[in-house]
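The data blocks that follow each hold one structure.
Paired with subunit B in one complex and with subunit C in the other, subunit A is shared by the two complexes that follow.
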Partner chain A sequence: MKIKIIEKKNIKDLLKEAAAEWNVYAPQRNLGGDVWFEALSKPGTDLDKALESVVLEGPDTVISAKDIFFPQLETLFSFNDGKIHEKIESSPKLLFGVRPCDLKGILFADAFFKRNLEDKYYLSRVENRFIVVIGCLKPPRSSCFCTSAMTGPFAKEGFDLQLVEYKDLYLVETGSQSGEEFILKFKKYFKDCPCDFEKTVDEVKSRAAGSVELKVDFQKALELMGQESFIPEENYKRIGERCIYCGGCLYACPTCTCFNVFDNSKDKSGERMRNWDGCVYEGYTRETSGHNPRKDKWQRASRRYEHKLKYDYKQAGSSGCVGCGRCLTSCPVDIGMSKFIQEITEKRKIM
Partner chain B sequence: MKNEYIPFPAVIEDVRRETFDTKTFRVRFQDKELAGSFKYKQGQFMEVSVFGKGEAPISITSSPSRKDFLEFTIRAAGSVTKSIHNLKKGDCLHLRGPYGNAFPFEELKGKNIYFIAGGIGLAPLRSLINMVFDSRKDFRHIKLLYGAKTPDELCFKNELETWKKIPDTEVWLTVDKPCDGWGCRVGVVTELWKDTHIHPDNATAILCGPPIMMKFVIMKLAESGFKDKDIIMTLERYMKCGIGKCGHCNIGEKFICVDGPVFDYEQVKQLPHKEGVF
Partner chain C sequence: MPRVLTTCIYCGCGCGLYLVSDGKRLTGAYPSKNHPVSRGALCVKGWNCYEFSNDLNRLTTPLIKKSGKFVQASWDEALGLIADKFCGFRDKFGPDALAFLSSAKTTNEENFLMMKLARAVFKTNNVDHCARLCHASTVVGLAATFGSGAMTNSINEFEDAEVILITGSDTTAQHPLIGSRVVNAVKDRGAKLIVIDPRAIELAKYAVIHARQRNGTDVAWINGLINVIISENLLDKKFIEERTEGFESLKDLVKEYTPEYVEKVTSIPKEKLVEIARIYAKARKAMIIYSMGITQHTTGVDNVKSLANLAMVTGHIGFASCGVNPLRGQNNVQGSCDTGALPNLFSGYQAVADEAVRKKFEAAWDVQGLPAKPGLTVTEIISALGNGSVKGLYIMGENPVISDPDSNHVKECLGKAEFLVVQDIFMTDTAEYADVVLPSASFAEKDGTFTSTERRVEKIRKAVEPPAEAKPDWQILCDVAKKMGYKRMDYNHPSEIMDEIAGLTPIYGGISYGRLDPYGIQWPCPAKDHPGTPVLHKEKFTRGKGAFMPRPYIPPAEPVDEEYNFVLSTGRVYWHWHTRTMTNRTSTLERESPEAYVEMNTEDAKALGIRENQIIKVSSRRGTISLKTRLGDKVVKGSLFIPFHFREAAANVLTICAVDPIAKIPEYKVCAAKVEKI
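Our next item is the complex of A and B:
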């Protein structure tokens, strides 16, 4: 489909109209000043007010949009006197303003939750979704390294629509059948280009790519980590000593999907729930007997880096790191994937 | 799409005490159709729930060759297993599964089998042991080498007596701390090498026990000439979902819950041991 255009000033009207059909999610600035990917319509909030807080350019969301499909805390089912009530959520969702790296994270999680035995909770949540990606003209974080991870600053596939910011317009690329249908449905907002914008899109994209300053040798890192004999134990040990095990990097990571399952109950009724968990925590592998196969800090550091760069790549064909740089920005002690990659590929000590 | 997280009610039909902290629960699915159609393989496990306490992965200790009921041998160790121990005949628990791969069976036919277990590690092996005994003539010589801390902590005491009497079958026991009248060996399970000849010819060894025991038994089997492929074990790991999602049992690229729990030593050797296999 040919590139369409939409005027920036019309976006909020489009979102408002779409909200009648979808649960619309978009980056919004909250009271504290941070930007979070949140639903526009929430109980007790006014849609117009929510629209005012939408931020489509500049800062990116603190964590990726993964929690829309894989909430930090969710109920699997409730039980009452032995009877089970399944809680499945499958509302239509429109995600507006997903960054390309986070799209990659979502696609990665989709494949993961489909692998082996299917996870009905995740797969029901993604069943009826529409994703509008906004490419990054400038990296929202100084720690972004999407051009090295080849995940941005614009997406190549997997989106329904992708917006390319250009002056007071967005140039709109269509990536799926549903994307085409969406444009037809809301045709009053999407105009034909008055001139040939193909070249402009290419120029904008290549300028955007040039603005990503942080560059790491991602491919070399994957090659190194793919070698069985390559075990940078000294790096793991330093990271293991330095890490304060807060888990910030895991929660902010678009591809981290580990969870804990527990019951929350009173008397004979309650809920079985799951919440995010993470491999850096000591209790993550601790068995009832007290035996812990990953009791040393460096073993847990090694687990995290090897999972992302070695095993994910081996199993899924794509790395578990999308180059968003959130692990570094969220880390109180300045540890991050890009630094780890620099250390192993450039053989220097920077952490 | 099946919701793998939803468990099904099962009624406890019998509770047998094995040791001071271990009981065997015989259960049957409440739903008659499910009870009739349910299938599992030797070595698989299920997630056993007590609502309000949570769920725990427990190996099925009964055998697919003995139909209509399921047995779980459970040591009261954590909050879930302790609350299972408080349940009585007629009470209900919830099950989902079965999960994981299985011990080989057809491949073992015509072979000598060494079952080597420590403590409650005999529970997952028992599923295969009874299955093998149910078609005894298909297998050659069978030896069980079983160790526990004390004589009291040996599980399945009645069955140990029964198994001993099966033709061409040996049962060797050892304990760390004997009591008066203990007539068998004292010491770790590898001490049993002194009692009976362990020979790798046409043989497969099948192991389960605490990590430290597994390490030493594998060393001893290798010394005796066993090939890596002929040493088969079931691994345990802290586990939540049982379906390869929660990540807890992940070692390298393998999930113990879906790629295992049964591995041969050739596969185990390829796991990244720095992530703590045992």
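Our next item is the complex of A and C:
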């Protein structure tokens, strides 16, 4: 593995070239200052303008990159007069500037859509994919707690390339064969490292980790939640009452992958669609008879925490919470995973 | 595809959100992080607002009813027929044989054009919209007392309030991003919440006092509060002296509203009333929130005036985190009023009766003889349709069969209509009665502006094309005007319409599309360099001095009696929007609240042998519906509450078309009903 760097001023040209082969996705600033992780346009159409709005320095994106592979609404297939036409999307995708927590979310979602039933709609989207992670030098959100969840501020694995920001360049870590090939392919942008690579990377990473102010006892939370007898009913009741059931935490969460399936039809034609759903809704567990095993608010509120801190860990071997803090920032009533963890591990009332 | 920043279509919070599309259709909705109201969050309706536009049952072509069935027609044919008929009625029976219902869901530009069409082209003031059914009392009541009929403060100020008094607003259900701010203020910053509502709304659990008054007794308890404030010397004497007039008449009238008397009338225990008065009066940053529970009464205007009196007597006006805050329901009901879709007002609340105002509009619109006499209001228009004095009605984005009181009466009148045009995005219950149906574009398919409840004028931005032949409402209205031969309704883009509005409307004077990026401006904004106004009535009221307008308590129109022994109130649920034509085409929302129900007190149900989830008949003197029960103590004994969204068991079949004498708003919140087991 050759040790390489790339200068910040060359990124936009690199992306422009890459856009000839891949659908390039990068964080871009939209009207009003909000930053979104989304597609740059194809070459020849607004690409330069889109490149101008690319933001790589610690942007706070409202949601993770999850909607690239798992859109909020998608058509699975359309039907007309008894004939079915499936919609599969499998363009090659280059994700540039994914945060480590969001990478964890992507990998978690990959595993989910392979487990039990292989979801072809999701899996075809991720088939041809190249991920460049950029670690965070400081938390994009005050609600970030990636060091506690051990998902950041730099990724340990799962990426093709990881860029470590240092002055006016990025130190490049390769994480896969594809990563190495990419560097070779675009070698005019990847230069030799002018400094002590290992030392610099370590320094940057530990400084970055130290800048994450919000710390919670994540491990203890996992241990507590893992105990069968541990049901913090009082906490769930408070949260269940305060919650306004907007779904924001689920929609914004990088690892939430629940969906609802429904038809949009007129006469004999239409489409079968799926969209984002969530476990906090009453209808999520309501049975046809009207019976609902989780009817009370606190039982529904508890689902989210049990999923992320208990069942995901049991099923997938890793917690569903990536410590991104988006549940808190998308909540109108200031409920968040970090606060829940603090409540149960520190035995105090915050929410 | 890139995301397009726009404004939510549902409530008056006016949240900023981004719509995503695949180039053809919407595929998602996400909150704006930097928008001052959404701040990275949305309610469940906002998060799911991408779905209904895609429904395959959208209206896609004009339709003309031939031999009782709808037949596809060309725009030319449909508009030609409308022009023909409307001209015929006008020439034969006079301009007032026509009427126009505008839409609080459409943009400011579209509302302005609707009233311009009615007035400049057809020369009638018979133009109104659904504010008549919700906040007409506010528009009249606050305009009279303060000089301006809008929310006095801004949404973010709720977070810093010391005391929040909420009456007649189920805030977490109807204005979730405002209700959330109340929750945060109470739970995180120690704000004191007072809830005065017959129902145990969600917010009541956070209230230091929840007073459950009898429906329709609001003037009594408000006068009672003022009585206590005066007798305990908690009034703001300086404010009263310098900023108001008419205090002596108020003092006189509230004398008889002692806590004992108020308890008899309202059932609020006298100790509670005194405590509420003390908490509200002693705090400096005390905010009043109110909505339909105050406005939708035959005494709606009196209720609003009384709240204004309460705020003035304690000096809670004219600085941050105080004031009188009516929460406007629709995404653009504030704007529809601002732009003059009202029978007695042009845009900017300028009176049609004022000759100078008429001359100003005549000059701008290149017409003569704009009508001076105020026109008919919504319920009057419907009745006039039934008795034949209005022959032609043009309805845009409104579904009176479900939303107006006394549905059977509405259906009868619509059935008798000579000629009815309905312009909408879906075939609604109202559209079924139409002679011509016109397909319009949804909020995601056009440019324009909405004005939220905090007077924020903000843009909606087009994300996708409308389906097939559907067009934005503003284009359709221009096409109608052109068919009538009128030359001054021809625009390339809604920004030009806003320029025209700004030129004629002092409170919007400094507003133009170039200034509205990214998150809009709060009116008044009288000049091009004016930054907008978060707090009204700072140094003086819009009318100069605030006017105390003391009003006596008058009971509701239809009291309970032996036969109809339940008080029936109607309202909303969190998941659905109004007549549910959009939210029932949204999978998550429809699943969460799939069917109609009636709230009944557990003890009443027990006494009648009625179980939870049992289908019963609820009747009033107007009609009968069958629906499932939901038992509990959300309503007190002797009361019923029915959400009005569900066409399958429409609450408005039961409601009474008794209106406030000045505002002409129906008394949705009180009528008499009875129940029967099936």
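Quick notes on this structure:
Basically, the second predicted complex is superposed on the first by the 345 of 351 C-alpha atoms of A that agree within 3 Å, B and C clash if a C-alpha of one lies under 4 Å from a C-alpha of the other, contacts with A are read in each partner's own complex, and residues count from 1 in each chain.
Convention: contacts are C-beta pairs under 8 Å (C-beta built on N, C-alpha and C of every residue); 3 or more make two chains touch, one makes a residue touch a chain.
Computed from a prediction, not measured in an experiment: that's the story for all the values here.
With subunit A as the common reference, subunit B sits beside subunit C without any clash. Touch criterion met: A:294 reaches subunit B, while subunit C stays clear of it.
Within the superposed three-chain model, A:117 lies in touch with subunit B and out of touch with subunit C [touch as defined at top]. Of the two partner chains, subunit B and subunit C are each touched by A:270.
In the superposition on chain A, A:285 makes contact with subunit B only, while subunit C stays out of contact range. When the shared chain is aligned, no partner comes close enough to touch A:166: not subunit B, not subunit C.
Within the superposed three-chain model, A:311 lies in touch with subunit B and out of touch with subunit C [touch as defined at top].
Shared-chain residue A:259: touches subunit B; no touch with subunit C. Taking the Cα centre of subunit A as vertex, the centres of subunit B and subunit C in the superposed model span 80°, given to the nearest 10.
Of the two partner chains, subunit C is the only one that A:39 touches; subunit B does not reach it. After overlaying the two complexes on the shared chain, residue contacts for A:186 are found with neither subunit B nor subunit C.
Closest contact between subunit B and subunit C, by C-alpha atoms in the overlaid model: 10 Å. In the superposition on chain A, the residues of subunit A contacting both subunit B and subunit C are 260, 262, 265, 270, 277, 286.
The part of subunit A that touches subunit C in the complex is made up of residues 28, 30-34, 36, 38-39, 50, 60, 62-63, 67, 71-74, 241-242, 244-248, 251, 260, 262, 264-266, 269-271, 275, 277, 281-283, 286, 290, 329-334, 351.
Listed in rising order, the residues of subunit C touching subunit A in the complex are 1-3, 5, 16, 18, 20, 26-35, 40-44, 46-48, 50-51, 54-57, 172, 176-177, 179-181, 183-184, 187-188, 205, 517-519, 574, 587-588, 591-592, 594, 613.
Interface residues of subunit B facing subunit A in the complex, by the touch rule stated above, are 1-7, 9, 49, 51-55, 77-78, 81, 92, 94, 99, 210-211, 236-238, 240-241, 243-248, 250, 252-253, 255, 258, 272, 274-278. Touching subunit B in their complex are the following residues of subunit A: 76-77, 79, 82, 84, 86, 88, 112-113, 115-121, 123-124, 231, 233, 257-263, 265, 268, 270, 272, 274, 277, 279, 284-289, 291-295, 299, 302-303, 306-307, 311, 314-315.
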